[in-house]
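Chain lettering (A, B and C) follows the sequence in which the chains are written, and residue indices restart at 1 in each chain.
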């Protein structure tokens, strides 16, 4: 989707180039995080994509087309742009702000109005309430949501985001990050996202580009960066607790194990047999292979000889989703005082199970590979 | 009270001079605002030009108005046209300066996001920069207009007519009533126009 | 400290001052030695020019000093806690006053006091009160509250806070007000000639009456140069007082 080939940016007053022979490939629908200390060239790199900064040499391609040959205005109309200070136009209403690019593109009024409302709803801002407000009437988080909505207005395939959540308090930031990931799942944009916060990069990124002094130090997925930092610089950037950070990244679906089903009429002995053949210590109990009644554990089976499992089945209780992070699962386990947690993607169904041991193993495994 | 009687007796003359005064100032201000805004916009694109233009305009403002009008006499003669020329020259600085600072003081992030969104230079100027700078530009226009009304009185010295004529005639003839009427009329007009423009300005504040 | 003093006077100021003085002297020399006709020759002399300049300066200096002497104390009083509540009202009256044209003020004074140099001086005094008062108020009110808070916290007397902190910090703004006032006064002092107060305005009137451009333009150029000169001088003072 976006390709950098030996791109150099040299500001005339400095010997050291801001960006030095950068090669990079950003795939379609990916969130690519550019991360590094200030002055590392990450913002310059991003701004070269929409030609706000002109590359000194090298080529940048979007969808195979050399952007040098594209008119900057046309190029920018198809690239959403979100910055830290939001850059909302203070003299325009929220609706007018969002409508800017569609208007430039000559959309008709109704289409623009519908699009504005649709985006406000997507951003969890009530259109009735917010449409005619001015930016100064909004909180920091709301402003940034409008900033994102404005960038999305004409449905550009690419979005550039320059520390969009950097000026927000940690709670609002976390909320907006989650929301944005949720939205991205629906819209699937190719996103170049600049941040200096490695935790944000690990949380948001499909790919991470760690930069220093205008060069790429490491390019990889968050788990790759965490488990195999390329050098001391990257390790230091990640900081301590890489195991804990890994738990933030890994999800239940990555480590959960399947659980066998038994009918409620199964005897304890038969159930024990099933459990011993599997690698888990729990069984799901169903009625006529349809309705999920609950579960029985190996301990329960030992305590209830000569019965059928339907007599002592327990309800599933709290579940995690396949997308719950291991960190959240762990804290749920502590909160519930349980060593196992069922994973359920849909109500009334259980996809698998995660145990405390699984968690420890997952983190330790990754640790050993480094 | 005698002055009031005097004024009522000559209300037609006074009204005529007031209209004259308005005409001169209005003509000058239309030219001055057009020129000042254009120059102000142009110099935002070039720092060196901005420095030169603003410095010249600054020195221009320091020159006493009557001196400026007097210097214009050998060049342009006397009458309305040179008076208007003088008014235009003299009222440029507040307009140019406020257009320039109004535009230059806009938060860079706003301009950058406009550029990043793909707005053309002209669109950025008319949709973003000028509307945002409008309150500051209005302040400049207000200052310039208030100056213009006062200067209009002085311009009578080079034959522009208007209320200043009444003042100068009064001084020459030693007629206190004429002086007083002229001075009061000019002051009242100035204050009224100033308040009026201030009101307009308030309404457009973001 | 020396560095600061150096930077307050800029090269372009020096060049401009030299240029202004040469124009003033050169133009006077030209008019006197190459008069356009007998009338100019008979009318113009160095004594006359110098006298006009001295008179002009006298009017400006006296009225400006009077204005500083009244506006600064008045401004300081209006920023004291007791009178602070009046400050905004005074400011808005001052602002309206400043919009009244200078000619109108001078003319109004003739209407009240008759003709003469004193009328001119009083009119200029009233007119230049306003920018100085305005800037004194704005300057002192604009001093960072935390600095005054700190001074209070350290146990400084209100008087010491005023003279050691508020006034020095407000000084550049106050000087800027004086700069405006003096520049305006130099221009307005031309009107003194119309009310029998003398000064460089005499040359303008004479030049116009006899229709000789040399006298007229010299009469107009000299106060213009004087105004630019004073603006430069006060600009230097302003920068020097800026911390």
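The working rule: contacts are C-beta pairs under 8 Å (C-beta built on N, C-alpha and C of every residue); 3 or more make two chains touch, one makes a residue touch a chain.
For clarity, every value in this text was computed on a predicted model and none was experimentally measured.
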| item | value |
| --- | --- |
| Topology of the chain contact graph, where touching chains are joined (line, ring, star, complete, other) | line |
| Result of counting contacting C-beta pairs for B-C and A-B, higher pair | B-C |
| Length of the line joining the C-alpha centres of chain A and chain C, rounded to whole Å | 66 |
| For chain A paired with chain B, centre-to-centre distance based on mean C-alpha positions, whole Å | 58 |
| Centre-of-Cα separation between chain C and chain B, whole angstrom | 22 |
| Partner chain B, residues of chain A touching it in the complex | 50, 52, 72-79, 81, 83-91, 100-101, 104, 134, 136, 147, 150-151, 160 |
| Of chain B, residues touching chain C in the complex | 59, 62-71, 73-74, 146, 149-151, 153-154, 164, 167-168, 170-171, 174, 176-177, 179-180, 182-184, 186-187, 190-191, 194 |
| Chain B residues within the chain A interface of the complex | 107, 109-110, 112-120, 123, 127-128, 131-132, 134, 206 |
| Contacting residues of chain C [partner chain B, same complex] | 96, 99-105, 107-108, 110-111, 115, 183, 186-188, 190-191, 194-195, 201, 204, 207-208, 213, 216-217, 219-221, 223-224, 227-228, 231 |
